[in-house]
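Sharing a structure here in structure tokens format.
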């Protein structure tokens, strides 16, 4: 049956003066399958949309082309209109004659607009309906990890009414690596206690993940505790496995000094221990810190150094010297902290190269060239706090490959897109928080926690996910089970499944699919169709040019 | 699985230079899986040939078809009409498919568009490695399941050559592990190194009499 | 058959497409010969789409994807880059020297880069035309 | 009259052999010069077989020449270029012309040579080749046919003491020893300790086999670094490289000769192995200098 295409052209309230809309409409009317052409000035306003709905019904249209503004703006509204008129929303194609034609060029552009319209009409003929389905989701969330970021995430998720399970590989919470930082007034102990009391939070310790399957809203996680495996359903998974630190391998001299004079060179953690335990008579008179010499972007070291230098100064009254390159203070509150530290008398020595660390009479001697004085400064310290660098914990890599998510060059989880989707992974429904994604300062971790709670809520709180059914689909008859799509899918959305005929074929999960079309492009058997972007639909647009 | 790769375009064009109307025929089995001759590759090659024609001012008409297995006469039958309508066939199947096609449509010139390279497996997306030399005299029982006949650059049967590079890499290809080091490590892991110490007599190079021919023992 | 001189631009809906829209909104003008085809990701663009565009007479094909490292679908843009390169090679293989396939990595908020891509591609075509 | 290598291996405390590389072309005059120069200074001359897969005058041809010049030749046979028929035929020819020492090797891949598209044969490997020579020695061919006149070859083979990992190499050496060899000529060795470990390993398995350490003089720090990086089975210790680096320009060869000679001397004095095999390819005329510096003349 011949298509009944309705063409709606909107001049955007006379916002496109360089197009002859009458001519455009006449050209469109001559194209095969076009049963009606209507001009409008307010298609996106109430009046316009109402008119559109009745037009579709009256003219008995089976697909619609709209030539107007960018589909980025209003396509979703127009799709809703189609649905309201009883047409499937996918049977719409738009010609962007405003942003990409009228506004982009000087002078008369009716011909180009007509071209764009022909392209859209070429495509619309081939469009097929895509059904939607409500998919009920599990509203339980799994948080992997037992440190600060994991506990804060669990508490916040529980706060919004989502049942949360915390899975920690250690026997107790809060004992993992990377937990030595000053928590800015947040008391870890009471947070753990609150989590333990919370009826909405399950805590599993000595537990590990054996396998993960499924899609957002419907993950099946197999967990191993005390040698027994249990499988449970979760709607979303948050990885909050934290990080660990190591003293920098740093200047060779430092290593020697550490060996020769183990009492004189300490880590931030050791310093914290000393701050709380050391008797008055043992207080070191001169304390040095090494900062940002090995990694100038390490917010972790910067915050720890500033906090601890301040603590040393105020509790012990020692002379404090910080050997640094550029103290980067981009974390929230860090600049204030830096000022405070300076004002209370901590001396920052800006060095242009790594200072020389030697041992002199059982004490550590640090020699550096001060950039501002233009002179060498040599300071013999009673205590030298070495620079520490953050590293991913061991399980990061294992979990990464199990979840099918990437690691960055430092071995931390790599965000999907740091600007747009900071706590998302490429696997929908799997999120990262805090140290395991390379955010080591508390302020950022708290931001992450907020972001992740928002994302998880958006995903699970409605109780169901609306999915397009088989928008991207493998034709089991054409599939040769070459596994290419499974290997290339960025979202782990494709699996090999025994299909009805008894042979194996790739099957795409509607829930997990993010509709990128990477699989459709690469399939060597041309067995994958992406409704709206099928080969013939793309080629029809090219054919219509000219 | 049989691995192949597309021939250089220059060679393909030389093959079909005298002809105007060409059937580009893909195969839906091995060469589809190794990205050399499935429906997708058929489309790309046909397109490139049409472009080549137009750049020379010569009209090239292409038909496209992909059958499940070109090495099956019965599966080629469906191409009869198409083949009859063209001047030549360009087959993207392995050597077996090309020959079956050439035999089935005897009066039509049939040309290979791929080079059949080896029997292998995908190591990862888009990378295939040779695994089997079809020697007809399988040694894998003695080598921990690693074939020295093709995975050793020299096909040695009694241990590595003296050229093994640091870290057990192959003399010829520093990126590849020396097959004998792989064999050694696997047998060591399984506590079966004695197998490697056993003398392996010269191979029966005629285990398969060429041309190979196998009758199924059972009816 | 489309007219000579047309540039087909496959635009990722997360980068190239919004960049083009923004260029229009800012009234940044670029050559009229550009025809944008919207795709969900540069990784959806396949070799055959590019080749068919050339078959139908396009003088150039530009694939506009996200900046490297910023693809929402991880490898879509890098795959597109390889495919574009492959297509360009295939053109040269059959002696087509005056047309070209180009990959452009772009952010959604980079309208000027979009215009530059359109202008530069036209310029490349001119240079190729004059090269003989 | 040259003393047969078999005799020398049995009687002499420290055996010295040198390599003679055939040239590319039908002229043998240069090779004859080398033969004349070296035949009385070393115990045997070892002739390479299309060395590095570069096509040259045949090994067996030069061996016959050496014999004609009253030297003691060792025929190198690789598995790369001939199948079992051709190898047997060549061995019969060699033996009929008095060439009765054979060194069995695998052979380089054609990929490193000048005929990269050649079909590489490897119908046999080096262990199987050793077995084959013994089969001919027993008066039969590989197919079990009686020969009208068998052979009596003295069989040697090669080994790489500095391979990494070493264990798979040692397993192969073990197989070669079981197949039966009179001598092992090693790949170039620069680390005496490595050589010691290797000889101990071999002697435990077969106390009678003679081990000739491979000596290749390195004539510059750059060359040494290059060899470490690119020549499989060779590892030149840092102290040797340092020594070469401190050598004034233009004296590299002299230094290389000095280092080689020192090593030979030490090997001999400490009785680490049974002799040396000197490979100074392209500089055969300077081999006597090494011998002199090592006190072997």
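Lettered A, B, C and D in written order, each chain numbered from 1.
Going forward, contacts are C-beta pairs under 8 Å (C-beta built on N, C-alpha and C of every residue); 3 or more make two chains touch, one makes a residue touch a chain.
The model shown is predicted, which means the values in this text are computed figures rather than measured ones.
Contact tally for B-C versus A-C: the pair with more C-beta pairs in contact is A-C. Here the spacing of subunit A and subunit D, counted between their Cα centres, is 63 Å. Averaging C-alpha coordinates per chain places the centre of subunit B 35 Å away from that of subunit C. Work out the mean CA point of subunit A and of subunit C, and you get 28 Å between them.
In whole angstrom, the spacing between the mean C-alpha positions of subunit C and subunit D is 61.
Chain contacts: subunit B has residues 40, 43 touching two or more partner chains.
The set of subunit A residues that touch two or more partner chains comprises 488.
Among all residues of subunit D, none touch two or more other chains.
Pairs of chains meeting the touch criterion: A-B, A-C, B-C, B-D. By the touch criterion given at the top, residues 28-29, 32-33, 35, 38-41, 43, 122, 124-125 of subunit B touch subunit A in their complex.
By the touch rule above, subunit A contacts subunit C in their complex via residues 70-72, 96, 98-106, 109, 112, 115-116, 119, 406, 416-417, 419-421, 426, 488, 490-491, 514-518, 520-522, 530, 533, 535, 538-539, 541-543, 545-546. Those residues of subunit A that touch subunit B in the shared complex are 478, 480, 482-484, 487-488, 523-526. The touching residues of subunit D, counted against subunit B in their complex, run 79-80, 83-84, 105-109, 111-112, 120, 122-128, 131-132, 142, 158-160, 163-165, 167-169, 171-172, 174-175, 178-179, 187, 232-233, 235. If you check the complex, the residues on subunit C that touch subunit A are 1-3, 6, 8, 13, 17-18, 20-25, 27-30, 32, 35-41, 43-46, 48-49, 52-53, 56-58, 70, 72-76, 79, 83.
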